[in-house]
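To start, the structure under review is shown below, and the notes come after it.
Chain nomenclature is as follows: A, B, C, D and E, assigned in order of appearance, with residue numbering initiated at 1 for each chain independently.
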């Protein structure tokens, strides 16, 4: 997920900044390109306007005073605080969401460790295992469809899921539609409910002898696929995954308050305007308009502008990590990986290593 | 809950700031409208007063000195720190409270996974399930009545609850009144106590054979609705929900210390006065009062004022998320959703998918 | 606990600042009253001294230079950081301590859910329940006596506890004295030990049949009051409460390092002196001493002073939340509430709702 | 542990700052005494050098320019950030370490609650209990020897432990030496391993009847000292303590990166030099060297210096809380307390309160 | 791991800064050596260029204006915020990763505490124990090969592992290749799967008598190596280790967003250029270029530069703690230590202390 450059930063070398600086995908250059261009063009227009239309005009003194006023009263400290606060918030949110996007492998491992394979005939067991695998990935996709633009595009309707590796059958799709509470309520948890229902079908709660009549003792000769302790363990693992996925939805429902986002935007716009006037201010302060140094100053200010805008954009990108930005989670690959992994773990579980080697360890 | 704009921010596009900037509900424009107007009118009055009454008067020099003194000694750094600190506090509080507002679905899922449906005749089981569902939502509403203005308005007395979907009967309402410790103590936990009492009625703790006389062995032929392990699991899930709901009350009882809120208010007022004098200062510094530039400067200062006030308001709104602000939790919809969900999960549980499909998975 | 004003802040209205600003209990006005007065008097003395004794004297130039030096070299940035850091620390500590002050209700609920009421004759069971309730509140009070000034004043000796609702008998008081490790070590955990001892007396660990001889089978006909699983559950809940109460003591033993508190105090004093010289500086800068504007400037500086001191005081108040400040926890009411609640839950447990209503739910 | 002044801060009174300010142990005065003196002497030397050797010399202009340059380019903002960041880091580390220094009481309580005292003859049970107590405190001391200078001084070799209350015998000391992985690896966990080994010796895992032949049934008449559930509970509590103690070692191995500590030191030295030149700068700015005001300025600057250095020192002291600073943990008293407490809890457990009082509770 | 200097900081003495300042390994001197040199050379070139080529030239005024502009518009506040934010992020990441690098000792201890040694013949038990030990360290190494440059260099292919202490056999290597999902997917979890598979082979889930026919009762005379409770406990401990190791991979996949790293780099470069011009500015401001003071000023600025760059580098080093920097985790020693520890704990478990000493404790 996200643009990965861990390997490059493993050891801090001198050429690190060049290697990282020249990346394009997910880079600041790509992020602030248009904003910087727009700002630059506006500034140049303002500079030319000032040079050809204002200089010599009685309004020049007013202009200068205003530019001076703006320069003295900039919002840099408040901006630094607001940006620092917002970026910390976005980062924590991002890290938390990433941490909540649990892998279904846990549930598969737990199933393997707790199930009693000899309790069912192989064919039926395989069916049961296929159900657990399919419903797990189904719930996962249902959730991601609610939060991720990419997954919504990949599976616009549930019909598409029946074609993707046969994850669900038509009957199951209909059952899902019946089971929903309302059309606008999330329904990612229904397949998890199915898993419990299916497993419980083959699960026989233990009854101490004292409570079973002689008759019952004869009937109940079939084995439970899980013991009571193991069933609880498996259900707990499953509910934990469901809980974490639900928390992703919760995070998605409660973004940073709109007002704060707008405050941040206002601050950045104010800063851009202040910088613009500072550049022009600098331009005419440096004397002759067409001199070299006034453009060097402009270059320097543009650089500063890029830093401020780049900072804001770098956490706007991660504010909602389920979009299509370069740094957003690669949920498509994730789903494919989980599907393969569930098939491998649940339908084709590794048998034990051929035989425990006889030679002992030598240290 | 809250004003949601996640979809818009999924991918950071150039027109994001326009789309978000033009929203009204929950926006900074709505929040700071009146404060900004008041400030603007006061400033204009001060400017005109200064222009017509003070200029030329011997007091002018004093006025200018004072304005200058105020400008030099503003509290911007302290303000930035106090606001940053307070907003971080309010945000964490808000996120924590949101995280504590657990859904009762967990308990319903846990009940479904642990109950032994065959232990009771269907009619009695349905009654039991209805009790669990009703008491769950009842406890939820009792808690929210204590913290949320909206819910208190919706259900001013417990009488209203007996009419809302028959959540409680008259007898239960009386029982609740008896069970309270004191009129001013919260009583949201009483329905949770009922759930345990009702479930325990049908629960038979396991006894190893050695402790039961031959007679007991014959009597106790009826099955327990939950095994010991499952009963513990269910009660733990239930108590976890109760604990989290109780923590919401705790949060509600311990707001940010009043003194700090007042410090914050003082800071903002000081800042507003400073800005006001700065604007006037700027007005007479720019020379002729009626010139264009002095109003541009005023416009710029108003903008700054909006940013400061907007920042404060944006977290004052979320300081108590159970009020009626645009960004507050939509607890009414939440309760309706939980009620529907509990009915669906507990009274109308989904049967297993019709039959496990025969065709195996193809990847 | 603390001064609660949640209801007022539920919805952010325009008159919020007036309603909150005019409160007295726990307010900044009450907190900084004396400090501000002292500062104001000192400043006035300095101003008059300067005006009558220094102006015209050769020392005047030196005085002005010093005032100027102090103004230029103030510690505002460092102060902002130190205060922000310290206040964050105090707040977290306060919130954490509040979170650790668990209610004994959890243990009572757990007891009700796990105990097998039919295992003991009603009278004996009532005795047992009374013991659990009394020892719980006793441990709670013992702990609070170690940290809270209020509770220490209410129960100066253990004798007072025997009179308060008969929480402990004389024998138990003696037993407690015997059980202490040393006079200076906390002993809040001893009643918790008693609870385990008392419950264990009626608890019979399960023995699988294979380990019990035929004779034992006959003897052990009495039932255990809790099954093994339930006993573990109850003891875990009890130990969790004990652990959290112990953490309160830990917090109490490790305050903010003294040196840091002193640094903070130094910073505030430095700031007060700087502000004082700034005010005087301002006074003589504004020209004639008796002019109106010099007093307006003084008013403005006093305002600033109040903000700084108010900020410091507002978290000094909560540094130790077990004192007698307005914002400290209301531990007395808490104990009364717990005692009532334990009696209600353990000695007078609610029976199940009269009968499960017949009419089903209508949505 | 640490210098405690909680009682004084319980209620924020006006004389609080005097009471706290005059403490010596662990105070800022003690911490910064030498640093301040050194700085003061250097500054005085520089001042005199300047006055007698530089004034009038052509180098004077250069000196002034440099002092001016230094004053304009100080690092105060960067310093504030670096110090704030480092102090937050040190504080969190300190609090976390304190939280990890769990008390062995938990394990002792758990042992008392889970053990079946009637399973062993009293003498053997007492032996077992003594082993658990001795090994617990032994592991605790072994760990603290690895991190704490004080404990290492108190018990330089393991021989000393055999004399301290007979914690270990000679045989056990030899066994420990055998069990170590390498001489430089910590071995605090070995006594914890012993506890499990010793307890397991008397623990008989439960076997359901179906798996035991008739013969086994006769042999296994002795009782297990803990049931399976209780054994797991006890071992979990024990391993939790071991895990927390191990985390203390982990913390000890990963201090703040050296480079950062050095950056902090550089910053402070730079600040000290800047302040020194500022003081001299101030000295000659105030005109005549021997005038009163130049020394008042020096006094003010020294005050500032103390604040900066005091801030740094106040968290350097707590960076490693296992040293011999005034504010470091009092591990010696802690060990004595734990030893007494373990003996009391495990070897002399409190019997139940004499008899459950007959009179019921009166509220 | 990392450069340890805990012992030196245990007690804050006066010579601490010298002892720490003169370290080379992992020190700031080593980190910023080249950067500082490059900066210094560039600055000197610029200074000489200015002195010999620019002074006297009409461009001099422009140059001065630009240098002045740069000095006035530096980014120090923004830089301080961005660096503080990034360093806090890197530190938390570093501490979290360190905390996740759990030791496999937990699993070994858990195995020892839960296994029933008498259930298998000693030779077979030893084989089983060797498998658990080998697979544990194998999974550990597989994970570290994915994140650590050092381990990847030590074990470039899996072949190398078969030579290192016989950790895996050839058959197991082949089995691993079969078990992988895809060549680019991590496969550290496969050995953990093997452990479960191997242990489950000897684990017999408990079946209550009622469910076993008479025949089964006779066949199943062999004992399970773990009881149900213990098996669950062991598997939970194992899965917890697997989960934590997986989280390390997750951390590795999600570095700080590239754009933010680039923003940070831009800020530092801007700062370096600003400082460079300030130094030159200072050089010609101080008058004669070859005077002593201009070089003292340069020295001071270089010092400042080192502090800024040192701060950045000190957390760039720890951004990815699995590289080859001085402060990175010493994973090689860690693996060797774990291998020895697992052999000692699992293959050569300590027997109980020879005999429980007879003499009782004397306090």
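The rule we apply is simple: a residue touches a chain if its C-beta (ideal position, glycine included) is under 8 Å from a C-beta of that chain, and two chains touch if they have at least 3 such contacts.
Quantities reported herein were computed from a predicted structural model and do not represent experimental measurements.
A.B. asks: Rounded to the nearest 5 degrees, how far is chain D rotated relative to chain E when their C-alpha atoms are superposed?
C.D. replies: Answer in degrees: 70, to the nearest 5.
A.B. asks: Roughly how far is chain A from chain D, going centre to centre by Cα mean, in whole Å?
C.D. replies: Roughly 39 Å, centre to centre.
A.B. asks: Indicate the whole-number Å distance between the mean C-alpha point of chain A and the mean C-alpha point of chain B.
C.D. replies: From the centre of chain A to the centre of chain B is 24 Å.
A.B. asks: Return the residues of chain E touching two or more other chains; collapse runs of consecutive numbers into ranges.
C.D. replies: In chain E, residues 31, 77, 80-81, 84, 88, 206-209, 229, 313, 317, 340 touch at least two other chains, as defined above.
A.B. asks: Select the category (line, ring, star, complete, other) that matches the graph of chains linked by touching.
C.D. replies: Looks like a ring, each chain touching just two neighbours.
A.B. asks: Take chain A as the starting point, go toward chain E, and spell out the full loop of chains.
C.D. replies: A, E, D, C, B
A.B. asks: Which chain D residues qualify as touching chain C in the complex?
C.D. replies: That would be residues 1-7, 9-12, 14, 16-17, 20-21, 23, 25-29, 31, 76-77, 80-81, 83-84, 87-88, 91, 95, 98-99, 103, 105-106, 109-110, 112-114, 116, 204, 206-209, 212, 216-217, 220-224, 227, 229-230, 233, 278, 282, 285-287, 291-293, 296-297, 300-301, 303-304, 306-308, 310-311, 313-315, 317-318, 327, 337, 340-341, 344-345, 349-354, 356-363 of chain D.
A.B. asks: Enumerate the contact residues on chain D facing chain E in the complex.
C.D. replies: Where chain D meets chain E, its residues are 31, 34-35, 59, 61-63, 65-66, 69-70, 73, 75, 77-78, 80-82, 84-85, 88-89, 126-128, 130-131, 133-134, 147-149, 165-166, 169, 171-172, 175, 178-179, 181-182, 185, 189-190, 192-194, 196-198, 200-201, 205-211, 213, 228-229, 232, 235-236, 239, 242-243, 246-247, 250, 252-255, 257-263, 265-267, 269-270, 313, 316-317, 319-320, 322-325, 328, 339-340, 343, 347.
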